[in-house]
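Multiple structures are listed underneath, in structure tokens.
In what follows, subunit A forms one complex with subunit B and a second complex with subunit C.
The block that comes next holds the complex of A and B.
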């Protein structure tokens, strides 16, 4: 029957029809990427092009970016590249992907990395550098970082003494959200020490309130808000030096300092009188999404919610976020009013190519010019760039974050779980603290995390 | 060209390029095969087989062997550690929970789903409105696992019992109507695993019902009539006539669901993210490989899953052949 020429034509047609279906399913797997050139109206004014002329003639060249920043935060990013594009004639191609954290490593290993990746975790940054595909930052970028960023920030982008990645955006994690109206009506004052925070909480309990609300549910990342809680308390009860050692595993994860820190968190979150305002008992922390938890402040069933500056995005547009508005945040105080430990997070710009246009773009991103351009375009965005003018920020919470970040007395420390090996920082730490909130004791929890630390 | 498409136009162009490429390859094969037309030897067979063999070795054989190889290496994949990864899977307390859950899934889902499907098929057989009744139970089949999980997440949703707070989950609302306290359904282990299994059964019962209903309809009427004349009751009819007649179909359904269940990932990932002791092998494999950066353990879990599926697949194919013969 193979010889029947007549039927082979219909078979080709059938095969073609089948292949349409196949091709559809193939293309459906493709990433959701979009090019940099979007809207045309930009507030960004022209910038001084001189620093980028040094990289030679770049017109017609392309730089690709791969990042976890997706809609709607990607628009201000793309718009903030326009002055650079106008100066140099370079096209910046932006690709946002929610699965960035897992995919970037796969792409780097497979030899298909982007020109530039925005890496949100120093731990991941080290893994990426270990693939051997990343390239060190150019001198011009390093000079910018030395000028505009603190030493801590430069250190997070440095691997084995070599500087790779300049900081991009940052956020402040040591914030407690509250209702200014409620504070005014009930005569509460913003606490300036940890003891005052405790007193305030007890006062609220005496007023027949469940003061705190918390939620840690976040899909496969469930548990991460608890790691922030623990890090914030570790930084306060054990001090920044011990915190650094703990993050680098120079002191054991289950040592006395860590035990004290987690127990201090337990004093709030595992206390049935303190939680979970408007959401249930202690266990309900595990099933409440982190996005939902703080919204109870607006309903009046919760008074305090510890969450990073980016939580501002979870309130709907009509909510006034300001010191005299519906909701605002205060700095989670230190042990005393003089020490100001701040837990922060942010992204870093790692390059996988050293073409002149890539170098020029890295240099642009590390400049004060870009930071101010970006700040003008977006809401809910800050940077640790010292050249950033707080007046360029529209949002009061951004101003607050910038003030905290740039305070010379602040002891800034990066989110520890982002710096630990992935087996701990994005697995055991999340999982075990989740178990802890649903009933597991502190010792078992910390022992299990210690056990998971790669040998 | 498959990594650079950035606009919709690019993607459409790419799609047509892919279709053309595929059609060209198929055309080429047919053309070459046509050259050999008339020769009744094995050359033609080999020609047709070649692309399949090639693609299977690139897309299946090589990754499979590579995964087995990697399962003997450490987290970073640069040091040989023998069978340590397998030891971890069978001794570590967390991994044992994963194995326990996988066992629960594989034991419960196929049998319960098949039983429900069969009962339903028998009940609605030749009844009024059979097509509509069948469509009802078949509908969940057409929903993706992730969508089904989201639906059931709402079913199980918990709101505290605090005066003005209203339940939004159906299950807890029913509990409250009967005077009970709302329960954190997805948090309490091992109850949560059973509740996740229920979602899978909800989806698969329709599949079981469809296949078994067709098998029941294929039983020759004379056998049924003969049994009736012999005075067989409803239970006897099921036990001695229906069940033996549809046995091959039952086994195919059981094994097919069992294979699907072993690979279950979406439901666990969507509903609990593997937290609260609900993780199963496929989910743990993903989280070890991609989130925890433990390539070796991830590969070992994949191998364990592979080994567990093989006997069921073999049995399934054998039964399928026998029922076709």
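The block that comes next holds the complex of A and C.
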């Protein structure tokens, strides 16, 4: 009885599996045809091939890239390499992996590194250089970086006085997302100083709103949005010089400046009247994922959300992100309207091979040509490359980020938690600020992080 | 009959509905409370998967803002998630699906072949150091695979087979062998020695005994371990993350783990991707579950 029924059922199951498998393989074959056809008619936005001639004959060579940038952001990356591929005949093989940060170390240690890795943290960059497998950037690349990037950016890619990694993309973290429609309807204006931001918030409270929404839950990295908040306020209340010292641990992590900065953050995020728009009370910040928190702006239950430029990817396709759209962002203002501290993050191109094709590719990536090619192809991407023309940006938020980044008055500082030792930057800092938002006081929080700093 | 009883718990809902047609003897053996408990457990266990299935057909905005249960009051249906995961220019799950098949089949067959031969040798052949060797193999199960990752990868790089399917086939086989040999050994040891002796009397050598006498008897155990290994390899992420090292040979699990996007913003695609990945293991399990239960019992009773 049972056997019979079982076998007829299993025959159906088998048939199902086989047909599904067949369908997959057919789509797989079809896919190959499509992409083959697609690559040939991509317009080679004709670039000048001369800089790559110096590297000799490269046709038929391959460069492998390993990065933490995965779908959907990887497509514009792959497309932006096409002019280079057409110039030189080199094939660029792209591999995106969310486990990049651990796997790249495994691969480097085992002697199986990629040709090029996009490293998102200066701290990790130093670890990779310490494996002895990384090679310094070629002269041509260094010349490009000197020409197109600020000194700060070059310093982030330098380890022990040797220049290894050119900056690639970057994102602006000092942004506050808001709804332009709501601002228009309620007569709010974009603040230009920290005091105005406070006044605006109070005005919203008077209008019976919960102005701010925030979420810090992010799997094992829970807490990182709070580190950005604190760094942003550290830059503003203590100034860039103190910020640098704080990141390098030349002033203690729990000093008076840091205490003031975290308390300033607490003035917003630990204030029951200010948070958590559409989500609950202060404690709901810890349980809300950072992806979800800002979506409340679209529902109208939240007015302000501090998050980096890449948050644009979180809104679905039908949401219009523009100054006159459903949602947009303004620059988180400085203490006064003249100082413009900007918190940024970004990736760096580290090579593990010094073959001519790899050098040529590094040089291409550090050029203004690539930055502009990439800008035309992608949305939600920006670079600190001075040769980048903001008009090439399709997306208004990218234009805004580029304008902020390239503003000569801007004081750009890299995300501090990415530069601190891993025990702090990707451990204690996250965990302690998470405890802080759920009730721990400022002093205990900062003392605990200070204790975690490796001696 | 005895082999059929454990089955009643596995395909729960269908069994219960057709209970009236089952034999009276079975009815007496089954307690209604046990059935109820089985159903409750089955429903609880299936509910998340069911929610995943519904989510995979919901539009992006709905997935990100409301729970799947709201689908019942506000049914919306879209195939967009499935279209995006199969988009050949972007996520291209179909290629990774094929990779998974290419990785899994040899990674199941290689250890099965080696382990059944080794198990036979350990059970019925006499050679010096047999027991020490067997204990050594058994002890290998204790070694956590994490500690072997970097040394193995270094070895593959030295051998010049890094970034090929061989790394995955060899690693999965190596990790599977200790348990496979142990389970199959216990099973083969259970075969009455009179059977082997009779074959020997008829002039059969080791090869003939293995292929003509033991292999037909081994089928349930082989199937059981086959499913076990299949599910393990198909669902593996750690080994392929470490050894695959190139998208051309990465299995579906690797792409699945990347599906939520660089900053975890595209997780509406996860449900659709997960369902594509689930299809094969579920099918394999449904097809071979009889062997699974029978074979596991066979291997374990003696141990």
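Definition applied: the second predicted complex is superposed on the first by the 412 of 455 C-alpha atoms of A that agree within 3 Å, B and C clash if a C-alpha of one lies under 4 Å from a C-alpha of the other, contacts with A are read in each partner's own complex, and residues count from 1 in each chain.
The criterion applied here is as follows: a contact is a pair of C-beta atoms (placed from the backbone, for glycine too) under 8 Å apart; a residue touches a chain by one contact, two chains touch by 3 or more.
Since the structure is predicted, the reported quantities are computational estimates derived from the model, not experimental observations.
Of the two partner chains, subunit B and subunit C are each touched by A:93.
When the shared chain is aligned, subunit B comes close enough to touch A:422, but subunit C does not. Look at A:313: by the touch rule set out above, it reaches subunit C but stays clear of subunit B. When the shared chain is aligned, subunit B and subunit C each come close enough to touch A:112.
Of the two partner chains, subunit B is the only one touched by A:283; subunit C is not.
Once the two complexes are laid over each other on the shared chain, residue contacts for A:222 go to subunit B alone; subunit C is not touched. Taken together, the two complexes place residues 2-3, 5, 16, 20, 24, 27, 30, 34-35, 93, 95, 106, 112, 218-219 of subunit A in contact with subunit B and also with subunit C. Only residues 2-3, 5, 8, 11-12, 15-16, 19-20, 22-24, 26-27, 30, 33-35, 93, 95, 101-102, 105-106, 112, 127, 130, 218-223, 276, 278-281, 283-284, 286-287, 301, 421-423, 426-428, 431, 434, 438, 454 of subunit A touch subunit B when the two sit together in their complex.
Residues 4, 7, 18, 21-23, 60-61, 64-65, 86, 88-92, 94-95, 97-98, 101, 149-150, 153-154, 156-158, 162-163, 241-242, 245-247, 254, 257-267, 276, 279-280, 283-284, 286-287, 290 of subunit C touch subunit A in their complex. Residues of subunit A that touch subunit C in their complex: 1-3, 5-6, 9-10, 13-14, 16-17, 20-21, 24-25, 27-28, 30-32, 34-35, 38, 64, 68-73, 75, 93-99, 103, 106-107, 109-112, 218-219, 289, 291-292, 295, 299, 310-311, 313-314, 316-318. Of all residues in subunit B, those touching subunit A in their complex are 2-3, 5-7, 11, 14-15, 18-19, 22-23, 26-27, 30, 33-34, 36-38, 44, 75-76, 94, 158-162, 165, 184, 186-187, 269-270, 272-276, 287-288, 290-294.
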